[in-house]
Amino acid sequence: MSNQSEIQNQNSEIVETTFYVRFAETDLMGIVHHSQYVVWMEEGRSDLMRRKGFTFDQWERVGIGFAVSELNLRYHAPARYGERVTVRTHVESLRSRQIVFAYEIINADSQQALVTGTVKLIAVDKQNQVRTIPPEVQRLLAASG
Amino acid sequence: MSNQSEIQNQNSEIVETTFYVRFAETDLMGIVHHSQYVVWMEEGRSDLMRRKGFTFDQWERVGIGFAVSELNLRYHAPARYGERVTVRTHVESLRSRQIVFAYEIINADSQQALVTGTVKLIAVDKQNQVRTIPPEVQRLLAASG
Amino acid sequence: MSNQSEIQNQNSEIVETTFYVRFAETDLMGIVHHSQYVVWMEEGRSDLMRRKGFTFDQWERVGIGFAVSELNLRYHAPARYGERVTVRTHVESLRSRQIVFAYEIINADSQQALVTGTVKLIAVDKQNQVRTIPPEVQRLLAASG
Amino acid sequence: MSNQSEIQNQNSEIVETTFYVRFAETDLMGIVHHSQYVVWMEEGRSDLMRRKGFTFDQWERVGIGFAVSELNLRYHAPARYGERVTVRTHVESLRSRQIVFAYEIINADSQQALVTGTVKLIAVDKQNQVRTIPPEVQRLLAASG
């Protein structure tokens, strides 16, 4: 990506969110269903924004949201019921209209890598039209770099 | 319930909706997770409304929705991945502001009863205020009696 | 219920489990989907057992699990994304082969009641046959009375 | 990939699976939650196998399953409640121990592309050890080429 406005955040702050695997998140293989990690990744970025003091009310106020554009996951080992997992979330890159979050989901106790992945989000308004990420949100996300 | 306006629909038309159990709907017990039947019951009433020609656009037009007020399920036998299930939905009672749907979820092949249940819904507007069910919706639901 | 062996636990210890509503748990009404509370109730009893030191490995060792037999929920007010909720779980009654958990789900900040409910569970072995709850599990659950 | 044993199936049979969007699959953006497409993709490959006469019992008999190794999705337009979607599934490549399914999820009525993606699966035994895909399963999957 050659876009000059891009901010590479490879050394950015990593936010860690830890919780227990829920029974309902498992499947008949006895492990966490592979779609569930997508939900955990989303919870990771919710947590990152919350810790920066950016609550849902503020999303309403700035009038934009983020639409998921791309999703990529690599599965290394399964999580299981009874385990605690940690979602490690950071801003991988930030451009005027899009943001990429990178993730590492690990077993909170053994530190074993379970899933790695990225999600690309595009800023959109209520009519689902692409918009520039508002400056205050840009600053907040860049500040994690 | 002594409310004169109530319509008892015990002999009402039963709408049957049949589909395969999805892998993601199972849990580590090897059976369908007990929360999943709640989703299937909702799909049963969506299907009932669709077959009456009442689509989501029309919900928007009449300006009301239904908020779930009560939910009761009895679990008789588990559904499993690879099986086809049928959700049998009918209107159990209809009052000016609420409706009760009754359900029987069966194995589509063996006809074994899996889950029985009811859900009570209250008509609400966009501000979540209780409203009278619009006459056209009442007629449509009563017509299943 | 006249069963002499029943232990009424109406004054039993209440375990509180608090977490943030996840974005994925909402629906197009803008509120938490009504099936999601069933998952939260399950997480409440998982947490209760964990706090008593009873982990998933121990379920494997005692060789029984609990099959959901009945589920009853009353919806008072909706939870929304961005809110923290608390699931208050306690053992309502305990018999030789079944246990009833009672729940109150509240907004963790305003303390507003969102959902109340009960779930009845039956002890079963790996072949899904009804079994007596093992003494060590009975003691542990009764100890919350 | 230069592996000689790989079978490129770019012109392979495409299996189409069509169903209505469920209300529970939406989120507060009013659209289908992005994790849900992962579940639909899995249902697509379940349907492909079912149509080839390979049922869950037969998975048990051959003693292997498939563990998800990689997942990649591109989101083009959102699905909404009330719409019918079609999941178009085909075998993109088949090697001795892994298979890649490719997907196009479209609006069943307008034919608009909603999501495209791939999933890579690795054959594993009950101990989660990598195994060769049994010949009868290989033949069945290759026959779609």
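Lettered A, B, C and D in written order, each chain numbered from 1.
Throughout what follows, contacts are C-beta pairs under 8 Å (C-beta built on N, C-alpha and C of every residue); 3 or more make two chains touch, one makes a residue touch a chain.
In this text, all values refer to a predicted model and were calculated from it rather than measured experimentally.
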Once the contact rule is applied, which chains count as partners of both chain A and chain B? C, D
What chain is the most remote from chain A, judged by the mean position of CA atoms in each chain? B
Determine whether chain B and chain C, two copies of the same sequence, contact each other through the same residue numbers or different ones, counting it as same when over half of the numbers at the interface appear on both sides. same
Comparison of C-D and A-C by number of C-beta pairs in contact, larger one: A-C
Hey, how far is the Cα centre of chain A from the one of chain C, in Å? 30
In whole angstrom, how far does the Cα centroid of chain B sit from the Cα centroid of chain C? 24
Distance between chain C and chain D based on Cα centroids, please, to the nearest Å. 35
Among chain C residues, those touching two or more other chains are 23-24, 29, 35, 39, 42, 81
In their shared complex, chain C is touched by residues of chain A numbered 19-20, 22-24, 39, 42-43, 46-47, 50, 55-57, 80-82
Complex contact set, residues of chain A against chain B: 23-24, 26-31, 33, 35, 81
Show which residues of chain A lie in contact with chain D when the two form their complex. 29, 34-36, 38-39, 42, 65, 67-75, 78, 128
